[in-house]
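My structure is below; once you've seen it, I'll send some questions.
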Amino acid sequence: MIHTISKIRVRYAETDRMDIVYHSNYLVWFETARILMLDQIGLPYKLIEKNGLFIPVLEARASYLSPARFDDRLDIHLYMRQKPRVRFYLEYEVKRSKELLVKGSTAHGFIDKNGKGVRPPNQFIEQINAAWNENA
Amino acid sequence: MIHTISKIRVRYAETDRMDIVYHSNYLVWFETARILMLDQIGLPYKLIEKNGLFIPVLEARASYLSPARFDDRLDIHLYMRQKPRVRFYLEYEVKRSKELLVKGSTAHGFIDKNGKGVRPPNQFIEQINAAWNENA
Amino acid sequence: MIHTISKIRVRYAETDRMDIVYHSNYLVWFETARILMLDQIGLPYKLIEKNGLFIPVLEARASYLSPARFDDRLDIHLYMRQKPRVRFYLEYEVKRSKELLVKGSTAHGFIDKNGKGVRPPNQFIEQINAAWNENA
Amino acid sequence: MIHTISKIRVRYAETDRMDIVYHSNYLVWFETARILMLDQIGLPYKLIEKNGLFIPVLEARASYLSPARFDDRLDIHLYMRQKPRVRFYLEYEVKRSKELLVKGSTAHGFIDKNGKGVRPPNQFIEQINAAWNENA
């Protein structure tokens, strides 16, 4: 399993007049966790794009259990529980201290500059394998 | 069934450096369709909040089939296929002319000012019933 | 003078917990008015980019007199009061019916694909001239 | 003078199809620096709102010298050069290492829950005075 924790402090711009975080912002935070995960396995997303590949979001889901609010310090947990094949799947938990606020998931694949789906590059598979923690 | 179509023109701010619409924006557009649906059944969301009720998003999903791009004119189709009970469920299709770009769904419930879940107000149920189109 | 009016309906996502429109959104709305102005002079921005030119924002200002709120219907007035030279300047007024909520301005220039400043293309100057209304 | 530096890492969502940061996002980043400044003088903004006061943005300006891009690590410098009176003024510099990308400023005042302008609370003035660095 891969497990990454990205830290977020809720911005005023991310709240709405219900005095909670507007729900679409969680998808943006899920992405900060993906970017950090790629950093941590040693293959920054910026480098992937420099190599002419992109990792679009194919599916996204979120279940909103309890609202985050302005100025909250949040942990965005990312979990990769299955090794990537053509597609790969990520799960997320947004927590304020111990409290679980939002659960989510995304599905991804690689595409090239023409938008054509391609297999994940070997380097990605290898770095995931190297980072994989059987016990986590 | 309830069916509403909201019109969107893609803003530059909604694109990202992949030259497509950033994926979280579709959730915002789904909401424009919900707001329009509530207008069309005669119970504007602003009025619901004035009455001390709120309709937060409990779940959201999106499947990204093909990207929308800057300046696209899009139709955001909203479908309510089941009558509301304590919760209600909406489905969405984002189309550019005939082409289906994104499918989505959201789940909702009503809460009061203290964030406590409450049953949908009678007026909501009645207006939905009045607008329901058996043949659509 | 060029004068364009773009219509906006305030989205829930554009509000913040102060129960007003978050201030950066006005810059996005100013842009919807620019896009519409370019449509109206017959040179859509999408076409400008297709021709390898871009019109970045060089400066932006806004004075917030009175807040816009959720679901407000707003008119975003754009005024070009001086004909474009190397740079061009636009002014904005955000109104809810007769009430002036926000005043703003932006400065722009053209750049090419390499980010190098270039003179406005002749077509832009000509279309502005054709649309110019001396009496407005 | 008060001087605060807030750290930003550019999110994918903050870019646009020109492959640069969309210009309105800088206003959001200016705010992260304001929030941090209030933390540092010992009067967090959340506490100010808890006390029934708000600090809306009355004016905002930005001059875009050079674009920030995806994944850039940026320093958002905030400067308060004049002590607050009824209004107070802040200046900003967005830097990538030594390079100045964007300059900006905002004007602010305090309002109460009814939106009425009020003088800054004594605590604010005192904490600013305590934090003021004559030599900076």
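Per-chain residue numbering starts at 1, and chain names A, B, C and D are given in the order in which the chains are listed.
Assume a contact is a pair of C-beta atoms (placed from the backbone, for glycine too) under 8 Å apart; a residue touches a chain by one contact, two chains touch by 3 or more.
In this text, all values refer to a predicted model and were calculated from it rather than measured experimentally.
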Counting C-beta pairs in contact, does C-D beat A-C or the other way around?
C-D
Average the CA atoms of each chain to get its centre, and name the chain whose centre is farthest from that of subunit C.
A
In whole angstrom, the CA-centroid distance of subunit B from subunit C equals 28
Rounded to the nearest Å, the gap separating the Cα centres of subunit C and subunit D is 25
Could you work out how far the Cα centre of subunit A sits from that of subunit C, in whole Å?
34
Could you check subunit B for residues that touch two or more other chains and list them?
12-13, 20, 24, 28, 70
In their shared complex, subunit A is touched by residues of subunit D numbered 11-13, 28, 31-32, 35, 44-46, 70-71
Which stretch or stretches of subunit D touch subunit C in the complex?
18, 20, 23-25, 27-28, 54, 56-64, 67, 115
Considering only the defined contacts, which subunit C positions touch subunit A in the complex?
12-13, 15-17, 19-20, 22, 24, 69-70
